[in-house]
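What follows is a pair of complexes built around subunit A, which joins subunit B in one and subunit C in the other.
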Partner chain A sequence: MWARHNPLHYLLLAGSLLSSSCRAVFKDEAFQTDFHVPLFGTGLDPSSTFFHQATTGKAGSLLYTLSNRLIIGAINPKDGSQVWRQQLGQGSVSETEELSKLAWLRKSKDGRIVSVFDKAIALWDAASGRAIWEYTANLQVADVITLENENLLIVAFIGGEVKAIGLGTGDVVWETLIGEGRDTASNLNLFDGKLYLTLDTPAIKELKTVIISPVTGAQLEELYAGVFHASDSHVPTPQLLPVTAFKDAEHLKLNFLGTRNTKSISVDNNVHDYRLHAISTDLVFIEYWSKSAETPTSWADIYSVKGGVLKKIVDLPYENDFSVFSLSDSGSGIFVTRANRAEIRVYDTESKTPIKTYELPKLLPANPLHVVTEVVKRRDGAIAVRAALTLADGNLILIRNDQVVWTRQESLASAVAAEFVDVHEVEDTLEKVLHAEESSNIVTAYVKRLTRHIEELKYLPGWIAGFQQSILAILGQPNKAADSAKDPFGYRKFVVMVTRFGWVTAIDTADQGQIVWSIPLLKNQIMEKDIKGIFHFGKGVVVVMLSSGDIYKIDAINGKGLKKTALQTLPSASVMTVESKKGDSRWLVIVPGKEGAKGWFWPDEKESELELALQNTTISRKCEGSKGICGYTAKPTVGGRLILSPAWSFRLPAGQTIVSLTTRPVHDPIASIGKVMGNRSVMYKYINPHLVLLITASPKTNTLYIYLLDSISGAVLNTSIQTEADTSRPVVATMSENWYIYSFYSKSIAKGAHIVVTDFYTSQARNDPGNLLNENISSYNQPRSATPYGISQAFVFPHPITSLATTTTRQGITTRSVLLFVPRIGSLLSINKRILEPRRPVGRDPTNDEKEEGLFKYEPFLGIDHQGGSLSHARELIGVSSIITTPSLLESTSIVVGWGLDIFGTRTSPSAAFDVLGSGFNKLALIGSVVAVGFGTMFLRPMVRKKQIGQRWSQ
Partner chain B sequence: MAPSQPSWVIDLKGSAGRPKAPSNIKSSKQVTPPTQAETDDLKVKKAWEIALAPAKSLPMNMIMMYMSGNSLQIFSIMMTVMLFMNPLRALSTVGNTFSKFEGESTSGRLAIVKLAYIGLQLLTIVIGIWKVNAMGLLPTTRSDWLAWEQAPMPLETSISNFR
Partner chain C sequence: MPPLQLLLLRLASLVLVLPFLTSAATVAGSIKPNVILPSLAILPPSTTVTLSGDLLEDSRTSHIFANGAFRFQDVNPGSYLLEVNCRTHIFPSMRVDVSPDGLVEIYQTFRGNEWTNKGERKPHPIDFYPTKASEFYIAREGFNPMKLLSNPMILIAIVAIGGMTLMPKMVENMDPETRAEFEKQQQSSMLANPQGNPLQSFDMAGYLAGSSSKKSGTPSGSKRK
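Presenting the complex of A and B:
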């Protein structure tokens, strides 16, 4: 207990507050205990990934890529390290397959590259990744082309507008409008010093080609070439070709630019897709493949396009295999590279037999999606190839001849769900054994214990070895590998992630985020909507459920698929887990989206146990069409079905949509049920494990509505509103113990991001527990007097927040910290809940009692404590959309992992590391001094005794 | 050589036959041992002195306790402990303390003395308690019992997924 009325203690308290916030990360722990996997994402389109010389005239090129997460950047092809990266579009990645039509990356002159996303064009320095200029138009960009001689970047917009932007300055040199803005521009080609823009004219269904003077922008010629059907669609055509390509269901049509000369290539049926490559003006390379996963096929043709004649030169053989092609110009000729899971073949443009075949020592983990290559023909005729393959599992690998040089785990940037798995929970059987011993009689218990001890003897050599190692670790450098294997503090957790590419991957938080295992779900693509969730099934088992009804049971420790089943569920169903009240069985409970329908449970076993588990249980989820929240009670019946009966529903008023739904974390222990005031009275916390925080938005009135519900009874416990909110920006929330925090963007006078914190107490009066301490209090039995008393306070934060989370510790004694990701500064920040305290005195200094409680004066502006509040310290994170936390075995420490694009993991101690010695603690000095004192005593004792005896004799 | 005696020795030896001083003759009549009642009075008086001794140290104790502050420091803790230890020790040896005044006749009158002694010692303890309370060590407030209060397990369970 703090003594009263002693100013020194306030100083100390203030000091401790400051010092605790000053050490979010210790200097010697940064880069040691935390990890960051900087990612690009998976290469979006083969034309947006390329080798390019960063600096003209310098040998050696970098690998440039534009990813499905709209990250552009350069990778060092030697070791796969990141050279630089930039994010396009402020992180507004909409999950769409059409992204490749909106965004691309092109080479430009003078070691520069140009990026396009939607309406924005940017020129980047290829070596450093610095932006040279950016240009944002009102219209979507259709195509861009660099004119090297004129030093211009020509941009065609979708409506037919063409602008020339000076490469050096970023200023518009000329602009012109082709047509009346009703045509759809598709492709820009540069051929014979003239600029050709092809447009779709929907009115007359013809392909219009306009020839533009690159210098002035004047329209030189306009012609209509051939009749196209309404079903025809444009095929992206390489810009240096004198042709433009369109397709219908059965043909690929190549129109020679500026003429009515159109050649048709028949493509047999609709399971095929194709892609055009070109590297010189007179060769077009067409790659064909089958989309179907069951019968993959691929082949390719090379045509010459000289002088208005289309002539097939070579057709590379048809294969019942998934392979991808790439063209490359080595300076000594054009080479075609064909890559599949097993081998890389290099062809020249004259024959259908490969001039070189590199067999990979091991099959690649997945089929390639696309490949870019560099082929070099040495003087002695030897062929060397370097190929960057984007695989169907989302990862990027680089192969040099027949060796995989590096692999970048880019699939993790496309994670759609993540869940912690405790590595120790499988070993955690001792407790159960002890319980079993307790319940049996003395003799059998004794025998059991004896046999257990004898059995445990086999661990003795290992233990001795481990002990030796820990002794050695004291003397020398600590052995990291051994430490993480032993993991005495439970830092080692696996984060199991499901990626969009249909793979499940686990990373190790104690091992710098290294991949532990990775297995495919045999689904080509999983979008965020396709996954119902990843559920923790206890004992290191996770269950992944997809919208299709497929259920995968996976051993998360070794990555073995245990079971795969499929239920005939509806895609709109909600899935959750139920735990048995007796054993450790768990079930998935699937509530269909349609109301009034029967649900499912899986696995279809131990029905009576499930029935018991579902007694007094309310299941809640979003109502049909997200019009509110509905609660149900459930009863299992035969055939793995559930009879659902509606218990309550909370329907949203008209005009409101759900923007955020939050519940208390599954593991959220409350160590103290009250808060001690300065005068040592108690304000009792409002404790209710069934809280649901629902935030809805009404875009018309710019208002946010905040509802706190009880998910058992559906009762509304508290409501509040925020007017003048920007409902188009994300609203994020987190809830723990007896409080919730949400953040939104306000358009009021105090414009900017706001953080609002609300604490709930049983009553406004002190020492009044309400019915908190009463036995057998049901959520249904809550009189008016039992409504929680909420205290709220808002803070202004400098930057918008895109994700919020709360730390969690084993027993909940440690103060919680609120974790937030701020994309603008690329940091994961941590703010102690003691700062986000609504009881801080407003407009006056705290009284002595308040000081004693640790309250300090309220300041509306909550600045960023870069030094102490940043968990990611010097690291620059991109695109963390979700933060998950789990307790370690140490009460002081919570494990934090942020994912979404980059993966960042760390451990944090919100109340400082009070239960563990820092790495700076000198064990050697401690042991040394103990030993020295021991030795000293050993020597001195006989001497002293001798002296004493001598003294007695001499008396 | 026979040792010669000093003159005062000779005088002393020779004074046996001399008449006594008149004053001595008078007082010799009145030298009587004190009566039992007088001894008892005396004993009780003495006992009172001992019994009231703690009262004299009370103000000093109070001042010391006040001055030592309410912080938990080694000196204030030691002083507070002494404030309890001394009276307790004294209380355990009440019989011993007054045993020399104990007698068949005084036992009745000593009872009240002992009571006074015990009372004063208790008063010292009360000061100690006051001090301990001022230091915030007495569980007199609600917050002191908070750690033992547990919210009961809720009757219902809820499961939800709002994806």
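Presenting the complex of A and C:
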């Protein structure tokens, strides 16, 4: 065991004879060194979040939700833990405003719930989250309703087809077509044992209602009720009600099903929005709010809809505030709950004064978006309320009476950008102090050092205490909290994320992904396109830039907003950072989308330094209209403007679109400039920090084009083509050192996901360093013949890959691992670059020279090897769309965080942990054996001496 | 409603619907337990089955139902790859050919080979059996005294040390004649190799050979004499 920590291994390392075994997760480190924040996302629609009994007859209910990321699942309302979750649509859909019209979640009988997304309907066991059945149709679903008595699920499709599916079996029991497929179905209602399907018939501008027999599917009656104007549109109506709702510009209209009886409620639809709630067949509750965020208003009305008469019972007062409403039936009556940031009020359906008001001890962090409640009236008349509020910051909280019981950080599921921040970089390092001492004369340096040492004495008691603790830690279990506070190996990083809800949040990688701070950007909705990026500005500062030109400078260590500025940039601009060559200043450089326009730089200071930094370099971005890549030289002028002159452009041929654009990571050191072959000859790597990998697709010809460009000169270094590729599926790529890797889905005879790796060397010949050893290499003076020599190999992978990344370490000595997220199995895998080696011998066993180099026979199929490369091990990850890596202080270890929906973080050692003792290292056994050997020597010494003396004497 | 009438009604509704039905097929099957997977309840609820066609629109994914079954309705004609997506168990992948007249043929397929390289034909509602359970972790090799003891070098050392401590006792227990002879022999070997400590001059091979049969040890000594 101790041989693993033999210094010899360091020598072996230096000889780049790294062990090729790709080690994944040790049993004792799993769940300790990694963290996973399982998330659902923010509740999509109030009708798709509800309390429901998981098992019939059992007391206690779970909170079910359907999120904006199309995750359905159950949350335990007691502690906010996840009971189960499932993903709809396999993550193939990005968020749109229309999502709530495509997806919803409904209660069903016998502890089941029904989910609908687009064309798919599924019935789930509410307790375990197992699918009971799934049905995928060819048409989009308009509405579904469960018939308890008939044990059927009725599905109405947009075109007017209606199918009845057996709840137990998932088989179609009957199906029918209403109309000729020209009508648009909108709503299914069940009333008086009859099924009402509401359709919009565009030809005659009428609201059509068809009554269907639930048992046979026969059309019993067809009604044209009231005039349905072209401007009218449907309003989602609760299925319990005997009415269907639609609206024009000034009215909300309620049509009593099966009659021509339509009542109107006047409301200005341009100013206000509303939502219908119902929990019984005779009451309709309408919640109103203002569409504009500047003038928040809210109120609600309760109407009785008995016997074809619409009568207002109560109106809950108009308030200039964001508040949300919910109806609940506790068995002892129907209650209305009104919640805002400060309080929760409970009303009955008879009066406009609350019967109970719970004031929250603290204002909620954001306004509520919607709420679901359970209200219980005790025997003594006391009212208890449990409310699950979805807040405008994207999080879900549960309030019991006046206490916040738990908060789920669901906003993190809607992160649109993330960046690592090193916690230690703000601390003034000893290194700097020592350099300062070196630069001064001997006497002052001595005085400085002496005073520093005296000053450091104050840390002595703490150090002794810590020492004592670390001695104690040898005997007992190590104190994890103390370890992470000390963080000797630099595992502690913050990941700063910007969410769609306009908040910036930081999580701690050393503390199981706990939230460190969270601040709002004062922008309500940020979509992926609205954010230009989050940029690390050094010294623990991050800068968030939005498409609107707003720039936020944030101290990432304590979450304080430092500065907010706005530039008059266009949303199409590209943003990048430029680092100073002298100091540690950084600038944001903004290149407008329009050709010929001036650019910006921010902060507007130290122009001369920026000018120096921009000298002899080219900044590049996608050309106007994404038609290629354009490079510019930039010169700063006064007023924070940049004069841009085009340097080069790479225009795409017609029919090609950009699908992937990759550059080498910012921190990508290359430890060895060549590769030593078995026969001691060297292949020199093609090293160029300005590589850009551009992948374009031509959907017509099913072809992918892969271009390797030099971003300074714009030269095309290498091109390749993949025919028979599926351009509709994602193409992902990663690049590091002298190689790139991309993955796509192939329709060729080797059907399935492919991983293609290409390594670049200076030339095909051995021992030819090219101009690698020259001191001043420029992208411009490379002759045409200096284009790199690429070696490529493809592998078939069992499942499609949605994100690719590469590990980074401090010095780049450790072999790199390629990290990939496989959504179908929910795992974050790592494949050692030594496996993805294009020089592996094909169709024959390796020769002795090749074996010495660590090459082994090429196998086209890369199976999934969890033991060898699953970083997420038994955990189930959903929706990781991006993987980011950063080095730790240990050369062997890279810190990995995957985000997108779930947040997963771990640290990985692609060449095994050669510079740190594993947790399996038993210090006690080591000390014990040293002591034992000592005792043994003491015991044996007199015996041996006596024997030797005896022998000498006897001679 | 009498069942006959119900049937007639159903037939009537079927007749109504028939013109809209295309000749698309249904691909069905189920996951069956075996030695590797004793119960379907072990499978994670997120286990899915994917039918991948040439186009993304033709590709579908379905969750495994509670009884292990899965079903894809209205599958267009074409050649598909059928895979079980499961983190905890590994399943073989299948090739599914749907002909224009709705006939479904299933073959075992071998990944990393040409698509034309078909394997054994399987029955249509296909049964999937796991071939392997995933192992996620590497066990750390801790300090194991038994493993240490089974190391041959350590064993040799133990035998040697044991011999060293036992030898004087054995010598003591010998009858005086053999003892004198043995001591004499020892001394002669000591004289032949006078310097150094006794451990260095310890002839391991000779000792092992000698100790294995005590009787043959003595004659060999006497022969040398």
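We take it that the second predicted complex is superposed on the first by the 854 of 955 C-alpha atoms of A that agree within 3 Å, B and C clash if a C-alpha of one lies under 4 Å from a C-alpha of the other, contacts with A are read in each partner's own complex, and residues count from 1 in each chain.
One rule holds for everything that comes next: a contact is a pair of C-beta atoms (placed from the backbone, for glycine too) under 8 Å apart; a residue touches a chain by one contact, two chains touch by 3 or more.
Small disclaimer: the values here were computed from a predicted structure and weren't measured.
In the superposed model, A:577 makes contact with subunit B only, not with subunit C. Contacts of A:670 after superposition on the shared chain: subunit B is touched, whereas subunit C is not. In the superposition on chain A, A:136 contacts subunit C only, with no contact to subunit B. Once the two complexes are overlaid on the shared chain, A:689 sits against subunit B while remaining clear of subunit C.
Note on subunit A: of its two partners subunit C and subunit B, the one contacting more of its residues is C. Contacts of A:622 after superposition on the shared chain: subunit B is touched, whereas subunit C is not.
Residue contacts after overlaying the shared chain place A:860 against subunit C, while subunit B stays out of touching range.
Shared contact residues on subunit A (touching subunit B in one structure, subunit C in the other): 1. Residue ranges of subunit B in contact with subunit A, taken from their complex: 69-72, 135-137, 141-144, 146-147, 149-152, 154-163.
For subunit C in complex with subunit A, the residues that touch the partner chain are 1, 6, 9-10, 13, 16-17, 20, 44-46, 48, 50, 52, 54-57, 60-66, 70-74, 81, 83, 85-88, 90, 93, 111-116, 134-143, 187, 190-191, 194, 197-198. Touching subunit B in their complex are the following residues of subunit A: 1, 3-6, 532-533, 574-578, 589, 616-622, 629, 661, 663, 670, 672-674, 676-677, 679-682, 687-690, 692, 711-712, 766-767, 769, 772-779. For subunit A in complex with subunit C, the residues that touch the partner chain are 1, 23-28, 30, 84, 86-87, 90, 92, 122, 125, 128-138, 161, 170, 174-177, 215-218, 726, 728-729, 747-752, 796, 798-799, 824-827, 859-861, 864, 866-867, 870, 873-874, 876, 918-920, 922, 925, 944, 947-948, 951, 954-955.
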